[in-house]
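One chain, subunit A, links the two complexes that follow: it is found with subunit B in the first and with subunit C in the second.
Right, the complex of A and B next:
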């Protein structure tokens, strides 16, 4: 799948990125770059990575996701990984990978709720 | 009943990693593995084909069904004529890497499959064989 086909949608101050089902390494790297550019361009406060169609999360892919979470964090944004499939979760865990300090949610809907809740928590502080 | 024609696929480009995943997904599904086992096998194949591409530039992946009594399994072989692994025991330690990776590919692939053998000679190449058995 070509990198151009990655969609980055701006939604209520957030970025919604749908990760393609079986991307090659170049597409995975391009995704990271595209996300970071969009974070700056749209001054987003958070990122939702929709990985609900992802079939294989190997160590290269997972490392890029973890790096992206860290980079978005340094830019002041929170990331939610949304919709990881059960079989992928089992495999990632057995592979020995940790997703770092990303938030997780069952689906995109809950991911947006989570980021909204985080934002209002920060307002109260 | 559970059988699969053997095959092979040369690895020589980054895109071949994606193709290898697709081939092994189809092979494991055809042999009767469930979704979680298919994902385990495909993830291991992804790690091991990437190792070929990154360390040896090119190599070959082979697959075939194997039998043990009434049990059926999938055997995958990843062979290259690359630089070889100087210390296999060390390469199987989590976090050990000679490149820019996480050092998880080899130990991770071992955990995701049932059997793994590594034959490697420095300067000659590496052959890694993994097997996953269908639950009986």
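Right, the complex of A and C next:
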């Protein structure tokens, strides 16, 4: 899957990215770049990474996701990994891969709710 | 008959020839032409040395006038006769002159001419000793050329070069030294080397170091010119020795670094100014200060920035400080460390820091370097940061028409 076809959708102050099913290393790196640029451009408060179509999760992808979560965090945004498949979750656990301090949600809908809830929590702070 | 005997007894040959051993001695000398002349200057005796030096055999020259040893110029000026006259009058004439060999070539000679007198004191002839100075002259010329060569090397050196004796007195200086000190060679030589510096004691210490260690490199000193101006120099110096290996002095080369120093001072001044310019701390809202950081952060600058920021926070009584790093070109672990220090210092005052302007490149670097900023609120833009500040201050910006 070519890197150019990754679309970063701006949605109610959030960014929504659908990760392609079988991303190679170049695609993963390009995805990170695009997300960070969009964070600056839209001054987004959060990022939803839709990984519902991702079949396998290798260590490079896992590491890049963790890094991206941290980078987005530095730029003032929270990240939610949405729709991880059951078999992927098993692999991640078995391989001992870490997803850092990323939040997780069952689907994109819940991910957006979660981010909204986080935002109001921050506001009360 | 009687007259004949008298003449013979009084002839130079007779005076000298009376001593056979003496003649043998003269004959054995080959480095000097030792000859005798009669009163008028005709050759009456000739030794092997004379033959070697001047080229004539005894047979050829006996009875000939000695003016043939003079250059035509000298003969024209009447020197042969004059020399005899002077010798007879003064008793001995020594001169260093050009002489002519049999083959016409000329050579420098040391000539001693003394009169020979009989018992009554009448001059009966002259003894003449001639030494060939060709070799000596050649050696002198070689030495002169070598010395000219050395001198011109010394003078051609663009950096001030000087030699100092074991007593600390200047022995020699070159043109560049004259220029840098504003004093002439004559004024400098023989004077105390240390007196030309703003810190004579430091100069003396350097001088002693050279004797102790054999050399010094880039020893900084300040020269005081005759017009009072101070010139910064770096000295490179080492001892030099005679053939036996004894230290006979110090040769030192100074490099004028005044310009370099001035340039350095200018750069420092400018970077100080830039630093001042680039770390303003603005009170943008009641309770909010903004400090945009521009340019790279070193520890000195961080120190200064931190002080200004803390001062302004106290001064304006602001609980929130926005530290904008949009203008920081690159963040390394040291810079990050400086930023973290600043944040901790602000917290000690009871205020909060929001780090804004975290560009993608900076975010990536921070993560790749593994720098943990999790305890710090960070935002990508200043406006997002300002929003955080309002949240902290529990303030809300409301559009005009929605008020009341």
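Heads up, the rule we're going with is that the second predicted complex is superposed on the first by the 125 of 125 C-alpha atoms of A that agree within 3 Å, B and C clash if a C-alpha of one lies under 4 Å from a C-alpha of the other, contacts with A are read in each partner's own complex, and residues count from 1 in each chain.
Everything that follows uses one rule, which is that a contact is a pair of C-beta atoms (placed from the backbone, for glycine too) under 8 Å apart; a residue touches a chain by one contact, two chains touch by 3 or more.
On a predicted model such as this, the values are computed, not experimentally measured, just so you know.
*Asks:* Putting subunit B and subunit C onto subunit A via the overlay, clash or fit?
*Replies:* Subunit B/subunit C on subunit A - fit side by side.
*Asks:* Of the two partner chains, subunit B (first) and subunit C (second), which one does A:70 touch, if any: first, second, both, or neither?
*Replies:* second
*Asks:* With both complexes superposed on chain A, which partner does A:36 reach: first (subunit B), second (subunit C), both or neither?
*Replies:* In the superposition, A:36 touches subunit C alone.
*Asks:* Between subunit B and subunit C, whom does A:11 touch in the aligned arrangement: first, second, both, or neither?
*Replies:* neither
*Asks:* Using the touch definition from the top, say if A:56 reaches subunit B (first), subunit C (second), both or neither.
*Replies:* First partner only, subunit B.
*Asks:* With both complexes overlaid on chain A, does A:117 touch subunit B (first), subunit C (second), both or neither?
*Replies:* neither
*Asks:* Of the two partner chains, subunit B (first) and subunit C (second), which one does A:22 touch, if any: first, second, both, or neither?
*Replies:* The answer is first: A:22 touches subunit B but not subunit C.
*Asks:* Determine, under the contact definition given at the top, whether A:97 touches first (subunit B), second (subunit C), both, or neither.
*Replies:* After superposing on A, A:97 lies in contact with subunit B but is clear of subunit C.
*Asks:* I want to verify one number: the closest Cα approach of subunit B to subunit C after the superposition, in Å.
*Replies:* It is 11 Å, taken between the nearest C-alpha atoms.
*Asks:* Could you tell me which stretches of subunit A are touched by subunit B in one complex and by subunit C in the other?
*Replies:* Of subunit A, no residue contacts subunit B in one complex and subunit C in the other.
*Asks:* What residues of subunit B sit close enough to touch subunit A in their complex?
*Replies:* 14-15, 17-18, 21-22, 25, 35-36, 38-40, 42-43, 46-47, 50, 94, 101-102, 104-105, 107-108, 111-112
*Asks:* Across the complex, what residues on subunit A touch subunit C?
*Replies:* The touching residues are 32-33, 36-37, 39-40, 43, 45, 67, 70-77, 122-123, 125.
*Asks:* Which residues of subunit C touch subunit A once you look at their complex with the stated criterion?
*Replies:* 358-360, 362-364, 366-368, 373-374, 377-381, 383-385, 388, 391-392
*Asks:* Quick check on the complex: what are the subunit A residues that touch subunit B?
*Replies:* Subunit A residues touching subunit B: 22-26, 55-60, 63, 86-88, 90-91, 94-97.
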